[in-house]
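Both complexes below contain subunit A, partnered by subunit B and then by subunit C.
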Partner chain A sequence: MRGATAMIVAAGVVALGLVPVLAPPFYANLLIPFFGYAIALLGFNLLFGYTGLLSFGHAMFLGLGAYGAAVMAGENGIKSFEVVLLGVALAGALVALPIGLLCVRFIGIFFGMLTLAFGMLTHAILFKFYHLTGGDSGMRVPRMNILGLEFQAYNKIELLAGPFYYYCLGLLVLCGLVMWRIVHSPFGLHLRALSNNAQKAEYLGVRVYQFRLAAFVISAIYGAIGGAILGFRIGLADPEIVHWTHSGHLVFMTVLGGFSSFLGPIAGALALTLLQDQLQSITPYWRFILGAVLAAVVIFLPRGLAGIAGTGAALAKRRAAA
Partner chain B sequence: MLSVKNLVVDIDGSPILRHISLEVAAGELVCLVGRNGAGKSTTFRTIMGQRRPVSGSITLEGRDLTQLYPFAIARLGVGFAPEESEVFGDLSVADNILLPTWTRQTSRSVDEREALAYRVFPRLERYRTRGGQQLSGGERKMVSIARALALDPKLLLLDEPTEGLSPAIVPSIVEGIASILQLGHAVLIAESNMHHVPDFADRLYVIERGEMVYAGKPNAVPKSLSAPNGPDGE
Partner chain C sequence: MTAIVETKNVSKRFGDFRALDDVSVAVREGEFVSIVGPNGAGKTTLVNLLTGLLIPSNGQVFFKGTDIAGIGAVALAKRGMARTFQLVQIFPQLTVAETIAAAVVSQQDKAWRLFSKLASDGAVRARVREIAGIFGLDGRLKSESRLLSQGEKKLLDVASAFALNPEVILLDEPTSGVSTAEKHGLVQILIDAAKKAGVKAIILIEHDMDLVAAYSHRIIALSEGKVLADLPPKPFFADPVIIETVIGRRRST
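Showing the complex of A and B:
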């Protein structure tokens, strides 16, 4: 990892690590969805930022993670969150494979529309098959053990704001390191090349279709892990998690943070989580303001929040050199 | 090595190539000359598997290429630097050249193949860390050829390698092609101007409106085909 990026990551991890110590439990609890989204967006951005495929149905994989946790822990009594994570990751890969086989044959708006269709189909299944999925009531996601520990002395809020918070932070760091290795490996270089110009990449021997499929499956695994965290936090998996507006939420976070940067989507997830919380406490018209923010970002900050940081760092470097 | 026989290619029902035949032997430099629209690029793209021929055969060392995808043809050892020579803009020059060393395994090591690419175009050494979008037209052309060379191909297809370049940069490209030949690679070049054909070419084909009108030694081309304004003599 490059020096500046490593320092930003270390500072970010320390700052996040201090939240449960310095801030009221409300804030630690508030940041749990951030961890879930940040992990999901690491995968989402492998597909969008690095491979050039913008999915409008990616929330289906978050839903898969949440419903997978509900089925494994609620229906089958599996109490280990690690086993549930492995299970939903595997399920994410297995579901993404056939969907990806069809979707990655297309690019641009056609890929986006196909993924949107699969997302809406998943929503309809979860909503209509009441006897299997609980319909609009959803499925309960019970409390699980983490690292084999039950934390019986903690109530749910204490668990979320303490041990589970640090567990999610550790998971984000681990998933981030794995993704860093992926995007900086020959595999990542192939993805960037085919995103630039798929035809030219193919002339150099790159198996464009297989690489796109692999990126799609990896992004689904990350989405399912993020979804399991979201399900654990609210204790429920309901159809809204796979609704197309939730997929739009993922796109919003990624654009806000900056999809051309590795850390951008994570910054976007954090910014939107905090912004949404603040706006909801101020005005019932918070969606209006979020829409205006998105429009402003697209027009004035096409590289997102990470772009501001990048420009600042470049200016500082230039001044130091002068 | 490369054998194209009676190749017929239609695009949207219009005949573009009509019974084209050409041969490239190991270590040879062969030029395909024709005006814009004559069918040079279509010939190259069909060899690379981007277009399916209506009839005819394309074989590389006896192996049929007509049913293969472009990536499979590249992995068999056909490098292609297209006319537009777009480099991957988001990747550095070093990454552009490194990429094909992972897609095809040959007896040469990755380091050796990278070193050869830079030896052919020494100027690229200075731009290793530069992004693809920060290069001039001539530099992009060099990266495009060096990148195809890093595949360590048996045969290199260069589509108009000097087209649109400043006369000052053309000698660097021609020297690069001469170095590639010395490394033992066969090279097939498409050129729209007869006068840009390198002196050291072994064989020359002239294509007009999708048909081959000359095949032979470069110094034996009829005057009607070698006029300054192109093989048509217009």
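Showing the complex of A and C:
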């Protein structure tokens, strides 16, 4: 990992690690969805930022993670969260494969619309098949063991704000390191090449279709893991998690943070989680303000929050050199 | 000598339009063959057939003895044929080193290595430096491709194709957009690079007859989808009918 990025990551991990110690449990609890989104967005941005495919239906994989956790833990009594994570990751890959086979044949708006259609289809299935999915009531996601420990002495809030918080932080670091290796691998280079110029890439031996599909499947695995965290936190998987507006939420976070940077989407997830919480406590018109923020980011900060950091770092470097 | 690339009675129709009609040409090992012809003669169609992009309506296209009709760009690259495009094709946001590395990764069959660190791969790095050195791009390895000059972009486009270690390279108007003064220099670089890389045959699509005359062993002229001539430069340029058809006037000496 490059020096500057490694320092930002280390500082970020330390700062996040101090939240449960220094801040009231409310804030640690608030940040659990951030971890879920950040992990999902690592995958989402492999598809969007690195491969050039913008999915408008990616929330279906978060839903798959949450519902997968409900089915495995709630219906089948699996107590280990690690087993559930592995299960939903596998399910994510298996579901993404046939959907991806169809979707990645297209690019641009056609890919976006197809993924949107699959997302809406998933929402309709979850909503209408009441006897299987609980319809709009959703399915309960029970409390699970983490690392084989039950934490019986902790109530749910204490569990979330303490052990589960650190567990999610560790999981984010682990998923981040794996993704860092992926984007800096020969495979990652070919993804960036095909995103830049697919025709040229093909003539250099880049398997454009297969690699788009592989990126789609990997992004689905990350989405499912993120979704399982969201489900664990709320204790419920309901159809709203796969609603198309939730897919839009993922796009929003990524654009806000900056999709051309590895850490951008994570910064976007953090910023939006905190911003949404603050706005909701101030005004019932918070969506209006979020919309205005998104518009402003697209117009004035096309590289997102990461772009500001990048410009700041470049200025500091120039000043130091002068 | 055996033909490395060959078309046998190839025709290609697009609806009612016959872009190529019963074309049989061959390129042998060690040859530098130019394909010329006026606009609409069928050059692009022939290139797309030779590179496995199109399937002929009739006839067959062979590369190293096997039929490559419609096999696609990736399979073709793997079998040892590389091509460049008339309009410069680069990866704007990739650096020079990354662009060449993309081809080297394909050539060394490392593309599915999801977790290996590319930057620590000595074999890839060495090959990237070697290719960049041949094309004089070794000082620009860390520059983003979009920031290169037009001439450098052209060199990078060709360099990345050479990085595949091809046996045959098809150059589609490599000097378009390059100043007249630089054209010979560029073609000379390409020929030297081809020799160093062990390329067995070069196919050049070119409008500039001076370049064609200077470097080709053989010239294939297409006109209205048919082979008008398949001759070495001397008899080719000595035939007034061919010259009249291909360039519409006598070539000045």
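Quick note on the criterion: the second predicted complex is superposed on the first by the 322 of 322 C-alpha atoms of A that agree within 3 Å, B and C clash if a C-alpha of one lies under 4 Å from a C-alpha of the other, contacts with A are read in each partner's own complex, and residues count from 1 in each chain.
Methods note: contacts are C-beta pairs under 8 Å (C-beta built on N, C-alpha and C of every residue); 3 or more make two chains touch, one makes a residue touch a chain.
What you see is a predicted model, and the numbers here were worked out from it, not measured in a lab.
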Superposition-derived comparison: subunit B or subunit C, residues of subunit A touched: C
Touching partner for A:K156 - first (subunit B), second (subunit C), both, neither: neither
Partner chain(s) touched by A:G188 [first = subunit B, second = subunit C, both, neither]: second
Subunit B versus subunit C as contact partner of A:K317, first or second or both or neither: neither
Touched partner set for A:Y203, first subunit B, second subunit C, both or neither: both
Doubly contacted subunit A residues - partners subunit C and subunit B: 186, 189-190, 192-193, 196-197, 199-208
Complex contacts: residues of subunit B adjacent to subunit A: 48, 50, 69-71, 74-75, 80, 82, 86, 88-91, 95, 98-100, 102-104, 132, 147-148, 151
Partner subunit A, residues of subunit C touching it in the complex: 51, 72-74, 76-78, 82-83, 85, 89-94, 98-99, 101-103, 105-107, 110-119, 121, 124, 157, 160-161, 163-164
Residues of subunit A that touch subunit B when the two form their complex: 186, 189-190, 192-193, 195-197, 199-208
Footprint of subunit C on subunit A - complex, ascending: 178, 181-182, 184-190, 192-193, 196-197, 199-208, 211
